[in-house]
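Shared chain: chain A. Partners: chain B in the first complex, chain C in the second.
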Partner chain A sequence: MLLRRMYQFGLIYFSGIAFLFLVKYSLGLSDYVIPGPGATWQIAGQVALRYARDVSNTLAVAVVGQFVSLFFAFIVGICGRQATWFGSLIKVAAYNVQAYPIVAIAPILFILLGDGFFTRLLIAAMICYFPLLLSILGIMSEPVIDIEHFYRQTQRMRWQLEVKIRAFENLHKLTTVISGSATLAMAGTIVAEFIAANAGIGYSIRIALYQSDLGKILVALFIIGITVSLYQGLLERIGYVIKAIWGRSQ
Partner chain B sequence: MALSCKHINFYYPGTDSLIFKDLSLDIVNPGLHAIFGPSGVGKTSLARLICKELTPSKGLIRTPDINALLYAYNMERLPDWSSIDRHLERITPEHNIARKQALVKHFGLLPVLNQRFGQLSLGQQNRINLARYLVQDFDMLIMDECLANVDEKTREHILLTIKDMFPQLFFVYISHNVAEVAKFCSRIWVLRTPGHHPQTCCIRGRDFKNGQTLDRQAFEKTMLEIMNAS
Partner chain C sequence: MTGFAHFRIRLLQAFKTISSNWILKAVFTIFVCIIAVSAQAEDKITYRLKWLINMSTVGDLYARDLGYFKAKGMTVNIKPGGPERDAIRELELGYADFGAASADQVIRALDKGAPLVVVAQLFQVNPLQWIYRSSGMKLTSLDALRGKAIGITYGKNDEIIMQTLLSQAGIKHNQVRFFSVRLDYTPFYKGDVELWPVYINTQGVEIAKRLKSAGEQVSFFRPDRFGVRFVANSVVTSRRMATKHPDTVKRFIQALLNGWGDSLDPANAQKALSIIKKYDRDASDDVLKAQLKATRSLIVPGAGKKVGMIDRDAWKQTEKIMLTHGQIKRPVNVTTVLSPVN
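Coming up: the complex of A and B.
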């Protein structure tokens, strides 16, 4: 899983780089617009270590933000799974609120809360919260009739059992959704850093952008891609292990 | 009176074609009764009406002498997070443990108790599913093609075991197998398409039990009656 994700990222990244170089040489663009392979390699040597630290910083915020949003998505998803007026209200509210681009609120948060850790965390959590919530609501609202029927007939159905059945039966889907939301959390954190933070890889990209240094941006993209691929692969692996342990226990 | 359906009309919301028109049937005595009919005639819909999962558009369904009514069907599954044994242990009331052990033995489930539901054949899954309903406290059990994937010999053994173990309870057996319902059921309610009136026709089955000899001639006559009625 880990290797497959990294292969996939490498393929896309190096195809993109090859296309850039093709544009550079076919249009005769200067190194100032698109640096050549040698210059890019040299820049990588200068900034890779610093950028790796920045990406770790960003990833730490993204991971915490993702788990916060995961926690709340499960709470709201479990409450909103029922076909009651409360469940319907939560579903309607979730579908309508998610239609608003959360990233547009980011500047307000920076004005109100400053550009520290908490603001980045909040934006990361908000950006990956709604897609997570919609998926979890969908999974939790969908009855697994062939399994649940017996427990309903014999009056044994409790909300905990209902959630357990639906989570167990959709564990693969949940793992995919959670691993997919890692990209969103990372993107949310980078966007937050890009807008106003004073740390993280988004902040470094913003500086590189002001310097019009495409080489630095390409190096940053490579480290971000590799890190997110590793993290997603790790989440998929954890999902696989949980399923194996859950299936083996008891 | 265990079950009384009077002048039932039913159609699924959003459709205007009637599934049942003025359908009536009643079950008075305990034992194994059958609902028989071609595919799509509404056997499962009737079962779901009886156990109040659906509501008739018109008419009345009553179960005056039934406190606990259960409905089992053949597509049901057990979650794969525990072994069969663990599932049965959890859902069997304390006072029915001996019953569970007898059912496990008679249904041939001993070799699969340590396995997960997903690892079993369809026939074994059918037997496990039926067994977990039979260990509950109930007065009437509707078995909707519950043994559809079980081989004929085992199916006969299971039906005879149920009749032996629960002579005082009511069973409604939904099946497509005319020989089986003719042989084992005491009353067979043949369900006909809405164009027919009446929509149900009651045939007396052979109600075969362990230790009896089957009257071949009467059995064949019952089968013919069922076929003619459907």
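Coming up: the complex of A and C.
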């Protein structure tokens, strides 16, 4: 699965690069507009290691941010799953928070928290939180009638059991959503770093942009893509393992 | 003009010879009308600025809004720039005919083979300077930078300028404290950073006003006073445009520089301010006035020199600085692309 994700990413990335080179050579553009294969390779040799470290830094923040948002999405999803007044209030509050654009909130966060780890973490969590919340709310609000009916009739249904049944029956959906939100967490962290941080690949991309260096940006995109593919593949693998263990214990 | 008069005489002679045939005459009249209309059609020019519209673009807007380009037979579409917009790339891709770019952009582009020509240098003094609280600090020598907390934007030209100044003074990196600058000025207002890079004719005016209103005195640290004359915004065009349409280049630059010159003439200050006010609605009148005054001191060269003149020595120095700091791989001989329009 990991290997498949990596070569699929490689296919998309190198198709994109090939298209850029095609444009470059057919229009006779200089290396300033689109760097040639030789120049890109040379830049990769110079910055790949540093960028790989930057991407690891960004990924670490993104992973923590994703788990924070996952935690909150589950809390809100579990509380908001019931069609009660309180459930409805939780949903409205959660949706409204998302209505504020992150670019408007980010400067306030940077003033309050500075430009360190916590600001990046918070922005990453905010960006990937909403899609997670929507999916978890959807899953948690949908009864698994066949199974739940039995427990209700025998009066053995507790909220923990209800959550467990719905999570287990939708584990494939949950895995897909969590894996997908990894991309959003990564994108959120990069945006945060681009706006104001002093570390991470977003910060390096900002410097490359100041220097009009598309070659560096292409290298950064490759490392980001390959890292996110690996991470997503890993999350999917964990999902399968959990389902298998959970299935055996039932 | 002489050529056009000659063309008209030839046309009249041809008209007389075919006047006996009315169909031919009608066709000929339509043909002449088409030629006349196309001869009068204005050149459509796209000019990409380096940054958003503010006081640093007053001359560009003045030339457009007060008909300087029209008078030269041109319709100019001025497009604001920004961090993600690069005028030099647009020249090469054919999205723009002229652009404003800083010297470091030009030199980097030449290093990568971009075919471009510098046709005018707008800023004679680089507006990028460092603001500092002058109470208790006098930066009369470079050595005074030792031990200071200095803001720099990593990757931008203020980083290279400051590195050059420090190495000129023999100050090592561990003898100053660098602070990575972003859009938020809070670290400077709080006093965590002692020198903060600003464009003195725009942000510099606003920050200075805010601090003065809080009872603090500020000054600006000017790198050119210590011999570092890193060139700022200039007007560039593609080599193709300069070679194939020299007349268009000449008309554009003449109109642009006349616009710049007149916009900075104190007699036209009110007109210039009202033009900028249309785009910068949030700035107060006194801030705009101060910005215009600051811009004048950066653009208008000394007596006997014209607006837009190219300072070749400063360009040579800028290239040398970039080469020293590894910003370019090899010399690009930047003076070979400096092509001022007379």
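One rule holds for everything that comes next: the second predicted complex is superposed on the first by the 242 of 250 C-alpha atoms of A that agree within 3 Å, B and C clash if a C-alpha of one lies under 4 Å from a C-alpha of the other, contacts with A are read in each partner's own complex, and residues count from 1 in each chain.
Here is the rule we use: contacts are C-beta pairs under 8 Å (C-beta built on N, C-alpha and C of every residue); 3 or more make two chains touch, one makes a residue touch a chain.
Only a predicted model underlies this, so the values are computations on that prediction, with no experimental measurement involved.
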item: Which of chain B and chain C A:S15 touches, first, second, both or neither; value: neither
item: First, second, both or neither for A:S88, with chain B first and chain C second; value: neither
item: Partner chain in contact with A:Q46 - chain B first, chain C second, else both or neither; value: neither
item: Which superposed partner A:S56 touches (first chain B, second chain C, both, neither); value: neither
item: Contacts of A:R156 with chain B and chain C, given as first, second, both or neither; value: first
item: Partner chain in contact with A:Q211 - chain B first, chain C second, else both or neither; value: second
item: Touch count on chain A, higher of chain B and chain C; value: C
item: Which superposed partner A:I147 touches (first chain B, second chain C, both, neither); value: first
item: Intersection of chain A interface sets (partners chain B, chain C); value: none
item: Chain B-touching residues of chain A, taken from the complex the two chains share; value: 146-147, 149-150, 153-154, 156, 164-165, 168-169, 246-247, 249-250
item: Footprint of chain A on chain C - complex, ascending; value: 83-84, 86, 88-89, 92-93, 105, 108-109, 111-115, 153-156, 180, 182-184, 186, 327
item: Contact set on chain B toward chain A in their complex; value: 51, 70-73, 75-83, 86, 91, 116, 129, 132-133, 136
item: Of chain A, residues touching chain C in the complex; value: 27, 29-33, 35, 39, 107, 110-111, 115, 195-196, 198, 206-213
